[in-house]
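Next, two complexes with subunit A in common: one pairs it with subunit B, the other with subunit C.
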Partner chain A sequence: MAEVSTTPPGVKRIIGVDFNFAALRTAGPRYWAFVSLLLTVGVLGLMAWGTLLTQGGVVMAMRDSYPWGLWFTNYMYYVGLAAGGLVVYASVHLFGAKQYHPLARLAVLQAGVLVMMALLGIITDMERPWRAMWMLLTPNFTSPFVFTGSAATLYMVICFVDLWILLTGKGGEKLARRMTLIALPLAIYMHTTTAFVLALNKSRELWHTAVMVPIFLTSATASGIALLLITAYIFQRLGIMRFKASMFRSMSTLLATVIIMDLFLLVVEILVVFWPTSAQPGHVVRFSEFLTGSYAFAFVPVLVLGTTAFILLARRSTRHLPALQITASVMYVVAIFLKRYSLMAMGFSVNPLGQPAPPFVPSLVEVLLALGIIALGMLIMTISAKVLPLEVPEDHDEGQESPRVEFAVEPTLEVG
Partner chain B sequence: MSEQPLRLRSEGGVRAIEVTNVHGTSGFGRSERLAAVGLVVLMLLLAALVFTAQAFAGRSSTGELAFYPCTECHPVTIGPDGNPTSPLPIDFEKHEIELEMHDILGEGDKACLACHDDPSRNPGMLILPDGTLVDVSGDVSRVCQRCHFEKYRDWQLGVHGKDAPKCSSAGCHDPHTPSWIYVAALPPFQGTGIEVRAVSAREPFKPLAAPPVAPPIETPIWLAIAVSLGGLISLGALGYLILGRSKR
Partner chain C sequence: MSEDREIVRPEDKERAPEGCTLSRRRFLEGVGAAAGLFAAGAVPALVTVLPQVANAAESGTESTGDGVLDSIIEEDHAVNYPGKPVYYADPAGAQKWAMVIDVKACIGCRRCVYACVEENNIGRESGFTYIQVLEMEPGKIELESAKLDYEEAGRPDKWYMPVQCMHCAKPTCVYGCPVIATWKEPDGIVVIDYDKCIACRNCMITCPYDARHFNWVEPEVPADEVNPVVPLEEKAGVVEKCTFCVQLTRNGHTTACTEACPVGARKFGDLNDPESEVSILLKTRRVWRLKEDMGNEPMIWYVG
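Let's turn to the complex of A and B:
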């Protein structure tokens, strides 16, 4: 079908994508109140970054016992959350899961934004970020950070290229499928190398385990699907996109499956640590801190929230209820954040000299930096919800060229 | 038999040894010439290696020369009975090593005998935890293990020191005064005769008087004020989002 050049006023085509800036003019006051809230938090984050750059690491809580802090927790968390987008995208274009088709654009956008947030966490943690280029120019190939950092950067680029392909329809289904074939192994590579950052440290007992990589992959996939489900519900509630109940039910089934795999691997790991014939003193002492000691506040909720989320989604007769789906998803997204914190702390709770360290509490600057990055990510999603044609039109195949008639009538993307 | 003079010839920047007969025809084929070039390169490399070894010869962790020309100090001579004499160093009387930390092992020679075998037999042999002897070129870390078993375990696990194949206690610590550590780890004495490794400078080990205390977190006051203001603005925006504008 030939393109209809009836782009209404306010719609601007940039690199082949129709940006509906007119929708911003018609946005309600609540929309702008939310944007103002995000901007305020973002400005506070910028001020915190300025403080870090001018005053150095003394404004952060990271010391000898905790050389990695909140930024690393968030890096693992965001990289993991991004996996959900790719699972949905790959399901559509590689495995023909048509029920996720309406979600494809949103999924890829969210994945790209989350990886961008993960990378921003690394950049803002550096006290001299302009030196980051030296990691690329003179890479130390024994450090897994070289691999995970470059993979995350490449993955972010691929996500945004995928989004462009989906929005413009350029290349058709063939290109979308090819991009998935690149993105899927790259995503597995990215999550594996992120897990290797922990697993390759033999001096940190609880990190140095082969099951770290599969646990990382299952946690990432589960939390990513859960976050995507929550985002889809929010977008539907605000009238930005419409989805079928069967899609949410299918996502919930997928989520329950991945959650039980994730919990199984975690329980296996705990069993190996405490089983009498395999228990090693260093492992047992450290893990006990996370079950009954000073770190239990972070790790025990992982087991409780994870198990409860699975129980909520396990029954086929109630799995279709939106309240249960959202509750379980929120529980698992929170559980995985606590799991990432626990993972980070497991290496540092007792240092290699055997000295215990109290739980890591981030400083005000670190909290503001993290909030600022979240605000930036949410701001991109909020503006994209208005400006980008995220909703896949009915009977529109991503493989077809975009018909360009969506904005022939005034769009009604009213939020709030 | 005709005389075959040796000539050095330069071909495209490669020096080749060519043997020609008096009639000027080549006596060797291509493969022989290549072999000759290889031989020359090998000899040059060997010469460079020996030169480097001489140039960088220093003192090892035990205070001996890192480059060990053994017979210079230990000449083998034939005694009156027709047998080789004990190859003691020329003008050697006794080793005088000042112990700083290991002097607690005993007074005088007793401190030496804590680790070394009886001087009347072979002081180059060291005593292992099970009482057996090991040569200085052997696993000398196990000698240290006798007392420093916790450190030995940490080293085995790779927690303490560098878990490199050739790394040993004596590679980092001066075994006679272990509080002295080397800036760059030394390989242990391999007895190969050539150690192409310069001995690094030593740094005194300064033990901490107490565990390190982390400096406190500094938060600028202006940032706290900005956060308070930002928090108020955010609360207002949140309140508006949740409650909506009041209708009059």
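Let's turn to the complex of A and C:
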């Protein structure tokens, strides 16, 4: 820890990064009100975790017919959001997409925080978190859990190291480019292995398809871009960072392209399940639950929101309107959450012995736990927005709040 | 199987079964310690997953000839075995345990279920049993129309199929466990280390027979009904399932469900013994296995 006093007052240099703590001192009451709100939610989440640890899994809504619940939905969701945002950042170095350069630090920070949230979800779901050490001591390499867990942990580390490199400017453009060459394949690997957790199960018919992997990748990319667009927009509105309108337009075009790929893969899979020459009774029975049955509330919106988002972004004449960009992005971020839920539920709607299970609705403890993790993530983003020099050409941060909307879409969903 | 109706608890764990099991166990322990668990677990698992596809289609239909059982026995070997004995039972002997269930005889009375619950300290409020008896419509084996929570047993217009852990030769649950907290013993019994299970519940996902159950509540058994031989508190917050009553069967007794069946629909025995009931049944009767197409090679056959 080296402190240099030549920097402006209030700015401390820790491990080479300029932390602008003075900005916190001048922050307005609204900022602190928001921070204390987040802290309150975080404490509630901590209490929920305490309840879980003392009273056991019964306080969660998961049961044998539904062994994975909200934590797994969120794991897939956060990991996807993290991987997607990084694609935007990586294209700066890999494809020369200079228009995304101002996003670099924000994208990497957000990716790191989201993966951290995903891992916290796993840890808090375990009744005995200390047993996680067995993953390191005696890993079983035929289990996809080993791969996705290690990939996520490694990815989190890489993201924060990358952020440090970007913030300090150490190694310059060259090192930043090399980090991208590590981080992007790792992001793809991480998401492939996450899809494998579902796809590598012959016991669960609807998951057991290789198309799960490309669907995961396109969903991740689309939702990640959408979330980054929302975050960037909020940061701009709060005056922390400035972006060009052309950057948002470029992101919207990219988003529309990935959305249509995502929808295409989903429709192809639906066709294979229902086509008369390929339909298997087990598949049809289960998938029907998602189109017309008790799970339609989650799956039909995926198709509706996705299609609408694409239509909103597809029109060249209106694509540049921020309101449309934001609406479409929010729709898709919501759609992907519902899609993750549906994908998970597809394995559980009818159990391997053919017995149907009612749709999973998380308990209060699970919701509080998830909200607590979100609050922690948002807190890191809120503080970072003040303290860290996120804007790529070094500039001073103004008073702001935080990526409120970006995460606020999730809590409302998790109740349903 | 053993003809005496009285179940003797295997109190003295010192008594080793006949055969060369101890030296074998020592050997495996040595392998486990020296080569490390990566080699002992993951590599054999990967190697054995691949060639199984070719055999999967045929193994259910054969029922005559002596070479048939040999191939089944050969397939059914230890998987991810850490060389660590089940602490509440004797070490594995030279047997290959298997079960044959006569679905024509089964009347769906669920006495096997109750006997199992008592023998294995299953929490009375835990909401699961190792054995699930499905009431099937005549004319098909269609799980989607099967009924689990039927009230009246023995209906002549239905037939009944008990399902429990199949102790598969290719156990997807064992392949799916990220920490080798579950493995297949040398005598074919799939067991779980309650002190190691991290509660990720991936084995419940990978099992095609819904045989694994998670203790969402602490298992509670009335004090006078506790079986002292079988763990109880250790099962809180981890996954458990049928163990072929490892504490009984390795001491020369049959399983609690076999013991309890009033119509003798269950036969439990050793495939290595050509005179055992299961060996004779497999060789002489037309037997089938549930979800044969999954390729898990279950060690419970149905006949009827």
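Keep in mind that, in the parts below, the second predicted complex is superposed on the first by the 387 of 416 C-alpha atoms of A that agree within 3 Å, B and C clash if a C-alpha of one lies under 4 Å from a C-alpha of the other, contacts with A are read in each partner's own complex, and residues count from 1 in each chain.
As a convention for this text, a contact is a pair of C-beta atoms (placed from the backbone, for glycine too) under 8 Å apart; a residue touches a chain by one contact, two chains touch by 3 or more.
These numbers were taken from a predicted model, which means no experiment stands behind them.
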Quiz prompt | Overlay on subunit A: subunit C relative to subunit B, clash or fit | solution = clash
Quiz item: Now for A:V334: first (subunit B), second (subunit C), both, or neither, which partner does it touch?
Solution: neither
Quiz item: Now for A:L324: first (subunit B), second (subunit C), both, or neither, which partner does it touch?
Solution: neither
Quiz item: Touch check for A:R63: first (subunit B), second (subunit C), both, or neither?
Solution: both
Quiz item: In the superposed arrangement, does A:L184 touch subunit B (first), subunit C (second), both or neither?
Solution: neither
Practice problem: In the overlay, answer first, second, both or neither for which of subunit B and subunit C A:L368 touches. | Solution: first
Quiz item: Hey, is it subunit B or subunit C that touches more of subunit A?
Solution: C
Practice problem: Classify the contacts of A:G347 with the two partner chains as first (subunit B alone), second (subunit C alone), both, or neither. | Solution: second
Practice problem: Using the superposition on chain A described above, determine whether A:F141 touches subunit B (first), subunit C (second), both, or neither. | Solution: second
Quiz prompt | Touching partner for A:L303 - first (subunit B), second (subunit C), both, neither | solution = neither
Quiz item: Where does A:P29 make contact in the superposed view: on subunit B (first), on subunit C (second), on both, or on neither?
Solution: first
Practice problem: Once the structures are lined up on chain A, find the stretch of subunit C hitting subunit B; candidates are 3-11, 93-101 or 219-227. | Solution: 93-101
Practice problem: Could you tell me which stretches of subunit A are touched by subunit B in one complex and by subunit C in the other? | Solution: 58, 60, 63-64, 202-203, 352, 355
Quiz item: Which residues of subunit C touch subunit A in their complex?
Solution: 37-38, 41-42, 45-46, 49, 80, 82, 127-128, 132, 134, 142-146, 148, 163, 172, 175-181, 196-202, 204-210, 213-218, 236-237, 294-295
Quiz item: Contact residues on subunit A for subunit B in the complex?
Solution: 29-30, 33-34, 36-37, 40-41, 43-44, 47-48, 51, 55, 58-61, 63-65, 202-203, 352, 355, 363-365, 368, 416
Quiz item: Considering the complex alone, what residue numbers of subunit A touch subunit C?
Solution: 56-58, 60, 62-64, 67-68, 125-128, 131-132, 134-135, 137-146, 149, 197, 201-204, 281-282, 285, 347, 350-355
Quiz item: Any idea which subunit B residues touch subunit A in the complex?
Solution: 157-159, 211-212, 214-215, 217-220, 223-224, 226-227, 230, 233-234, 237-238, 240-241, 244-245
